[in-house]
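You will see two complexes here that share chain A, one where it goes with chain B and one where it goes with chain C.
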Partner chain A sequence: MSDQDNKKPLKLFFWLWAIITVAGVAVSLWAPGYLMPRSMSNNMHLTILTMVVFSVAAAPVAAGVYAASIYMLRTWSYRGDDVPPPAPVIRENNKVVASWLLASTVLTVFLLIWGLGALAVDNSSTGKNPLVVDVTGQQWVWSFSYPGTHVESNQLYLPENREVEFRVTSDDVTHGFWIVNMGVQVDANPGTITTIHTTPNRLGEFTVRCEQFCGLNHSFMDTEGFVVSTQNFNSWLAAQPQRS
Partner chain B sequence: MTTTLERNATAQIPKGGGLARRQNFGTAVVAGVVFAYLFWLIAHLTLDSTGRPFGDQVATFTGLGWLIGFWIGIGAFNGPFRWLLGRDHSHADDMYYAGQNMGKARYWKFTTDHKVVGVQYIVVTMVLFGVGGILAMAIRTNLIAPGNHFVNQQVYNSFIAIHGMVMILAMIVAVAGPWGNFVMPIMIGARDMAFPRLNALSLWTLVAAIGLLVTTLAVGGLPVGWVVMDPISNQAGIGMDFFALTIIAFTVSTTVAGVNTITTMMTMRTKGMTLERMPIFTWGVFMAAALGLYAFPYFLVAESFQILDRTSFTSFFVSTGGGTGWLQANLFWLMGHPEVYVILLPAVGALFEIAAVMSRKPVFSYRTAVGSMAGLAGLSALVWAHHMFTSGWAPTLGGPFMLTTEIISIPTGLFFLVLIGTLWRGHIWMKLPTIWLFGFMANFIIAGITGIYLSDIPLDDQLHGTMFVTAHFHYVFVGSVLFGAIAALAFWYPKVTGRYLNEYLGRISFWFVFVGVQVTFLAMFVSGLRGMPRRYASYSIIFEHTNFASTIGAYTIMIGMIILGVALVTSWNKGEPSGPNPWQANSLEWMVPTPPPLENFEVQPVITEDPYNFDKEMVRR
Partner chain C sequence: MNRSRSLGIAAASVLVVGGALGLAGFALATAAPHQTALNCTPVQGASKTCAITLATYPDSGEGVHGKDGGAHPDWVTYSNDNVNVPANSTIVVTINQYDSGGSLNNAFFDQVMGTVGGTATINGKTVTHADPNDIGHTFTLRGIPGMGTDLFVSVPLPADNNSKTPVILNGVAYAKPVVVQFSFKTGSKGIYEFNCEFPCGGSREGQFGQAMSTYGYMSGTFTVQ
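So, the complex of A and B:
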């Protein structure tokens, strides 16, 4: 190759790209499950899985940019104080543009298909006898009531393996009802009822937080909840003070 | 070659003109305060003082008084006023307003020379970054440890809103303000903007709006978040009225600037400056101006409605009166998403320009560069509801909005193609602009990928409203746009001052900011993944370590920015002289002396090819 072309062997680039991709994939497989809250519902399971899939898909792309940057810095950087000589004139390369477009389109279509499919699963309701919970946000507490029982509580008890339908509203400003361990959230708006559903599938404690800014004590608008067995759930309901 | 206007100035300020010749920023502030007081007085004397809206009505009138007084005091109405009296500006008047032979004083005046306006924008941008940065440090200091109360919680809540809005303004003007005004007209061979007085009007309206926004902190603050959603915004005091007026004034400013920019580029290009020969940066400015014209009026409408709701018992956003907060949210995000690209496109255009000049190669696939910017601008109008996936509004539209949002990654990916394609096989001159360009690429890929996560509804159902979102858009704004803005500053600084921005300080600054960004915002991603919501004043012990890291990272960014500020100020008069064309570029702004004279060109230039033929000896090098 003459210096005029300024072409250099690409081996270094491919090695960099491969190493960064492998590292990225490794992190992608490990991090979501490790960093995100313990999964306690079907939705959260899907959330973490999607996080892994998107990260794995993104790893080679990010690696491409990093590898190209490092490679260009190593291969073509010019550190003189005077202006560098002219470089080869490359105004167009239709093949490169077309393959770049094709690759990014394929990737986007994949993400879209995954996303739309996951969305359908996410929103799907089994339709079988869901437990209804009325959720009301007010500055700055959550309250939960169970229609048909006169039970009202500031802690959220849910039975395992039964679909729950949350009907969410607010007494004052907009709040964001978010079950951190279940991958579901929806705004609580005054004068409107919004719904979400999920099926808790793991026993234990979880956290409810407000994720919409709602004034002075927004940071403290959280509460704990428990997924319990159906039997324990019924005895908890029965033990609650009845509000008429 | 480097004759300066200052040196030419032999104190021949044209005489006559009376009061109008004494107007400057000082008289504007005085007139603003006087009018605010007058309007306050009139409101008190005439309005019914019983009932809740009284305070808001008075505040609205007072704020309007400030704006009108400021405009009058700076001299914004002198032209129309004299025209009405049948005494239009004389040539001497026009020269006076252009700042001829006036030295430093012109920077404090309603000056029409586009280069003066450009420098004024540099100062405005620095002030905004300063204010927003101090607020950011207060926020991060408050979050250094769980249960820390560095600032009172109510004040903290105002700080997050004002930090947000101030920084958004800073980002909007960071590239388009200084360089869209200073270099863009020269780049296309124009002697000034199409409407020089409107140019000054847009700058000073922005200054007046910033005054209102900062005053908000003194009148009860804005403890409702910068998105000022309804109904929470109703719980804010008169700071909210000032905020709404800020936005109305700001929209006037951007609209005037947008019309001016587009008209200039459509009608004032010199002979031979075809659309395909325009330096690529000017395309970025053009797209941003057009997009801003489309987007910002939504914000004006939203804030006008909020003022009416607060003062006049309308109920556009009040659910008990038949309105809905969702309307406000829609209007806000119809502005809010395109706004991100109004911010991004000038920076990307500047980076394309820098990549070409610094690697001594033409922009790779000019058509792709322009097309990707246009595609992004167009698509950005169709994605606003992705901010409302979890609001409960119109769940049916979730799929379609997810589709449009994810398609955006295609034109965004083309930005990388153009940048890498331009640098590839070049002779990449490692100077300050190039260093910040590489920093941009490293950060922008993270910004882009995390944006795709958030566009996916099942993921957004977990990540929305968390620190993950905050980290994502800070990678966009701090990691990408700020890096682009600093690259542009380092690139065109010699054209303004005749001196290089200090290379050594600039490099130290780069490493502080670059490392600081990674530490701050990577840790913030983890806070969000672990479940920490945004806009928290206080948090539980499980978020301790990542927040500590973010705070330390933020201090690191601050140190870097202070170093950059020192470099910017000290290089202005004492930097290493650069000559008129330090990067040996071919576009027109480098062909004129530094600093460029009034009206830029002695002889109107004629263009025969685009500015990227670095292999040929240019005629006027």
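So, the complex of A and C:
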């Protein structure tokens, strides 16, 4: 087989890789808008951005696997009834090995640094007058109290563009406090208060769910939440019955 | 037997077994509730208003479990776990609470929430909340996600009066019940679920096992139709 014949299949591999990579990047950029819930906080925005960046970074790697599979099936498959001839001897190619190792290392370090940064940002507090909300899970109802106001509710009202500090606990078994649209998810453990921060940045309705299986009516343990303007939030607080 | 025939038989077997499991699961999931439904009784002279009476007992010797108490005669229970009420109506609920009690895990449930006027009457006295350290059970009703209007009603049922003139039911003496009455408005058709939020089930952290975690005892459904 001549050098020219050897290069033809490699061209096929690179074309396949390029096409699948472009398709993968396109899907990575397009799909989250349809598959992910509507973002209503800085945390959720970061979560979706992380998913997009990781998917884009993974696209050329996945494309390499698919392209190599197609390339090998097309180039080295044997058609015939006889015993196939011996396969070509595998030769080491230092350039390929070095490139693969280098690319893998760069990608892995990139993902690690991004992930650690996202984790750190995700639960950081700006310290600018956060609204504190005490969240209590109990089979199978969430309740929310607003310290300093004597207001308790089974619905969660939050003002727009103000940082919120959730102090989450449980009165019985472990529950999972999950606001999908805000990228807020933390266990509610009995006897322990866990804090998590977010800043709602879009008006609208959301659902608070339990994401830890907690018993008979776990699947019904959700409640409504609302992000409202500061003025409407204050009006809502004022309209609530005050506990003594 | 050739290989393709074996594969065919194996695939058919998987389909048959999978189908049978699917049918059995569907039948279980859609099975009618095991208790006869309690129907709301129209209140004469009041438009779109009906009334129901429930009870909470310290054991299962009363209510729908039968005189012998059924499978768990020592478990606390509501009198009914399956109630039919009309949509877009006012439901007047009377609950006779025969059980003793104690402190709530979460004082949030000492409040009367979601009722008409935000109040209930306890032995005839109008209240907005009860003593969180003297609760027998709670009646807490909420919507099931995706089924009907969002609804949340929660009313504390104080512990018994420690009456010295007990009531005899089926030959068993119970303390004179605390009578709690309230009304709430139903929304659209759907299924709503109620349970107790007082830790009366035992067996687990928070005391929410056994009767608290079994339909037919301290949990049930309201079918709005």
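Here, the second predicted complex is superposed on the first by the 224 of 244 C-alpha atoms of A that agree within 3 Å, B and C clash if a C-alpha of one lies under 4 Å from a C-alpha of the other, contacts with A are read in each partner's own complex, and residues count from 1 in each chain.
We take it that a contact is a pair of C-beta atoms (placed from the backbone, for glycine too) under 8 Å apart; a residue touches a chain by one contact, two chains touch by 3 or more.
Treat the numbers as computed from the prediction; the structure is a model and nothing was measured.
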Touching partner for A:145 - first (chain B), second (chain C), both, neither: second
Partner chain in contact with A:111 - chain B first, chain C second, else both or neither: first
First, second, both or neither for A:229, with chain B first and chain C second: neither
Partner chain(s) touched by A:173 [first = chain B, second = chain C, both, neither]: both
Partner chain(s) touched by A:241 [first = chain B, second = chain C, both, neither]: second
Which superposed partner A:186 touches (first chain B, second chain C, both, neither): first
Touched partner set for A:154, first chain B, second chain C, both or neither: second
Comparing the two partners chain B and chain C, which touches a greater set of residues in chain A: B
First (chain B), second (chain C), both or neither touched by A:216: both
Contacts of A:124 with chain B and chain C, given as first, second, both or neither: neither
Intersection of chain A interface sets (partners chain B, chain C): 172-173, 190, 207, 215-217, 219-220
Interfacial residue positions of chain C with respect to chain A in the complex: 105-106, 108-109, 111, 113, 118, 128-129, 140, 142, 144-145, 150, 152, 154, 193, 195, 197, 199, 204-208, 212-215, 219
Complex contact set, residues of chain B against chain A: 153-154, 157, 223-225, 229-232, 235, 319-320, 324-326, 359-362, 364-368, 390-392, 395, 398-399, 402-403, 406-407, 409-410, 413-414, 416-417, 420-421, 423-430, 438, 441-442, 445-446, 449, 452-453, 455-459, 461-462, 464-466, 526, 529-531, 533-539, 583-584, 613-615
Chain C contact footprint on chain A (complex, rising order): 136, 138-141, 143, 145, 152, 154-155, 170-173, 190, 207, 215-217, 219-220, 222-224, 241, 243
Chain A - residues contacting chain B, complex: 5-8, 31-32, 35-37, 43-44, 46-47, 50-51, 54, 58, 61-62, 65-66, 68-69, 72-73, 76-80, 83-93, 96-97, 100-101, 104-105, 107-108, 111-112, 114-116, 118-119, 121-123, 168, 172-174, 176, 178, 180, 183-187, 189-192, 194-195, 207, 209-220
